[in-house]
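Below, subunit A partners subunit B and then partners subunit C, in two separate complexes.
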Partner chain A sequence: MATVSVRQYHRGGFSFENCKRNALLEADINKLGFSSPAARKTGTTICGVVYKDGVVLGADTRATEGMVVADKNCSKIHYISPNVYCCGAGTAADTEMTTQIISSNLELHSLSTGRLPRVATANRMLKQMLFRYQGYIGAALVLGGVDSTGPQLYSIYPHGSTDKLPYVTMGSGSLAAMAVFEDRYKPNMEEEEAKRLVRDAIAAGIFNDLGSGSNIDLCVITKGKVDYLRPHDVANKKGVREDKINGRPETGNYRYKHGTTGVLTKAVTPLNLEVVEESVQTMDTS
Partner chain B sequence: MREGAVNRYTLKNAGLFQPNFGAKKWTNPSTTIIAVTFDGGVVLGSDSRVSAGESVVNRVMNKLSPLHDQIYCALSGSAADAQTIAEIVNYQLDVHSIEVEDDPLVCSAATLVKNISYKYKEELSAHLIVAGWDRKKGGQVYATLNGLLSRQPFAIGGSGSFYINGFVDAEYRKNMTRRESQEFVVNALTLAMGRDDSSGGVAYVVTIDKDGAEEKCVLGNELPTFFDE
Partner chain C sequence: MNTRGLRSQLKDSVPVTGLCPQAGSYGVQDSLRRGFSSVKNELLPSHPLELSEKNFQLNQDKMNFNTLRNIQGLHAPLKLQMEYRAARQIQRLPFLPSSNLALDTLRGTDDSIGFEDILNDPVLSEIMGDPHIMTEYKLGVL
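Now for the complex of A and B:
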């Protein structure tokens, strides 16, 4: 079972040494009236589907920090190995680091075996690491790839359980995306049909879930080829501001053109005024 | 089964970090699993629903996990804990069977499961029923709830099992035939899935005898129907 790994996991499960310190820090910060920084989550829609020649993975591109969008175009489809990619939902840092650690260990493993890595191997490594941390690493992943045993798709939950299925969705928009899949999934679809299905599922998540938005990224993995389509579909294009009035570039010009409002009647009444008193007050410019 | 079922002791140490996905307080395992001995082997059965909070995340999960060629275990409770135990014991049985140069006994498999369940009983919330066939004692069923090891003629587990305790007590007979015990298992699962909201989907049935293990999946519309008005 010995593998060549860069990171030596320390034996004996999660180290709770810092939890007490963290709790004290949080209490101190709250006393001063500040709130501790919220972990940036990728309230997300990610999904994957197995079709005739391989798998299609899809993800939206919004990263949220509380109720504010932190990144409008973040990349949620992570590279694991040339034939295996992984979408991540949950805490952004956790998904990023977990996939990088496993990608690095998988490369060493593949050099040691002399073979292209298998999806099941990546699945085992991810689930064993997440189980060891008992759910405290908030990474919910959709892992897909093609290897010598065929195309495979796994969903991996933060506590370390995995499901091997033909179509999976994860993230806050997973219910919307699953609704699309349950309606239109068929086994052994063609590539275009599968891409359209994944695109529609992510779009359902983007438009019906507050935590998902912006563009749709796709990753099509087949035997020997990977198409990383980023962005595949710009579902939310930013509007263009009116900033050239009469040829003069002006930002934020809120003047309307003559004739925007129709004039119905016009009545001019001259006022006869007499100048009664005139006084000048100088400004103090000393 | 529940994704992210969290024991009350681990919640105490939660600190700043809350697991995102449906971390619930310790609840009863949510499944229906059953294992029955018959004359010449055992039959195991399970439903197929995995829930996280209020939504079903996998409606076709096979909870009957092979530990060895003729030894299976039925998983219930926290999905992560149960899957991990089954995979660890699968590995340990592999090594054991190579060392003794023979097929392992069901009792050995059950003891390995029991050892993990007992040692980590505060941290884990999963219940596995181990059943299989070996040359020494034929078909056997072992319950390993909370670290207890108990050999029984039949065993039920999971949240759905509470609804069928009366049914199995009344209907079980010793030395049923293979056919009869498969029907008994499917009937029990159907009744439990009909009443328990956290069990459902399809029914997986595995029959193990001296010739090996036979896996079968009974789809929802093929399940027997009972009084339902």
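Now for the complex of A and C:
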């Protein structure tokens, strides 16, 4: 009551009021043997590659919440501006909100300058925001796009460091995807070759990492054109049984075909029965 | 713009809470205005980011003024600070939220969006200070 009477100016942004209480609750809960709810992570494979005319970004589509799949077909390639897209790994909410904020800021900036935004601008904005929060915002991003200086690809880590490279991977399946890239990457590839390479890298992540799965999304960005292929490839089909033979599904059917057992002789004996008594019992439907 | 690291910011600009942090005008705990307090709550921040976030705008301004002073001389930041002081005085009544439009335009944050615009927007706050007491406090008659 007293504090409400003469309040200081209420600032927006993150509120740390409940942190002490949460720390106490966490300690109590751990003593009892339970665990507090975990944030939903994307547990991902995301990657990007620079080819001759532009950039190809790829991502899987599974979002996990601990050991359970929370979303079988989530979209991890986020729009930043018409010529810049960003894949996000880490905590799902963090990547979502961060990319939306940067997208809004970049739009305002481009309206102010009157030019198409540059990838380096988006990179700088993301890096400064993530550094400000010292890694507490768990967003690992792969940022790619084409602007007036050419195609560019950046990887951005949760603490705010960035790398500008011709091919990058992030997420829990990044090692599997990077193995594919290290083997088959060549500078100045053609578009089909680049798409195939990214598709194979994401597939490696999907099949070898528990945190990645479902479909493969691709985003091909060139000067003046963006192809958002969702889904580009359905790596894991669900609910389709293998092979049907003659309309019957082959798996799970244990009946023998007609003619399996040969017939030797056949004898038919009619039984003459007569009706002795007939009684009707009504059902009690009240 | 952001040429200095975080460590240099924290070293000079973190406000150290004194021995009696809730001190009012007579040097003792001011329970009426700031509520009950405990030493543990006051001394340690509840989250590592709490202090750096509370002072973020202040530290940004300090850093920018320092850079401006090094590049253009003392008068540039002095003049700007005078303008900031004037803009900061354009406020509504103490219990109502002010837009601070002039201050935002001077700072250049009028065309950028951050977490302070999306989360915990003061316009949508559910509690409000008591109008009479707040105006009296501002005018100094309380």
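What we mean here is this: the second predicted complex is superposed on the first by the 211 of 286 C-alpha atoms of A that agree within 3 Å, B and C clash if a C-alpha of one lies under 4 Å from a C-alpha of the other, contacts with A are read in each partner's own complex, and residues count from 1 in each chain.
As a working rule, contacts are C-beta pairs under 8 Å (C-beta built on N, C-alpha and C of every residue); 3 or more make two chains touch, one makes a residue touch a chain.
Note that this is a predicted model, so its numbers are computed, not measured.
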Touched partner set for A:134, first subunit B, second subunit C, both or neither: both
First (subunit B), second (subunit C), both or neither touched by A:175: first
Touching partner for A:226 - first (subunit B), second (subunit C), both, neither: neither
Partner chain in contact with A:69 - subunit B first, subunit C second, else both or neither: neither
Partner chain(s) touched by A:15 [first = subunit B, second = subunit C, both, neither]: second
Touched partner set for A:165, first subunit B, second subunit C, both or neither: first
First (subunit B), second (subunit C), both or neither touched by A:235: neither
Contacts of A:112 with subunit B and subunit C, given as first, second, both or neither: second
First, second, both or neither for A:120, with subunit B first and subunit C second: neither
Contact residues common to both interfaces of subunit A (with subunit B and with subunit C): 16, 19, 23, 128, 131, 134, 136
Of subunit C, residues touching subunit A in the complex: 2, 6, 31-36, 41, 45-50, 52-54, 56, 97, 111-122, 125, 127-130, 133-134, 137, 142
Partner subunit B, residues of subunit A touching it in the complex: 16, 19, 22-23, 26, 36, 39, 41, 90-91, 127-128, 130-131, 134-136, 138, 140, 155, 157-163, 165, 175
Subunit A partner contacts - residues on subunit B that touch it in the complex: 1, 3-6, 10, 13, 15-17, 19-21, 23, 50, 52, 55, 57-58, 60-61, 78-84, 123
Subunit A - residues contacting subunit C, complex: 2-7, 9-17, 19-20, 23, 97, 101, 104-105, 108-109, 112, 128-129, 131-134, 136
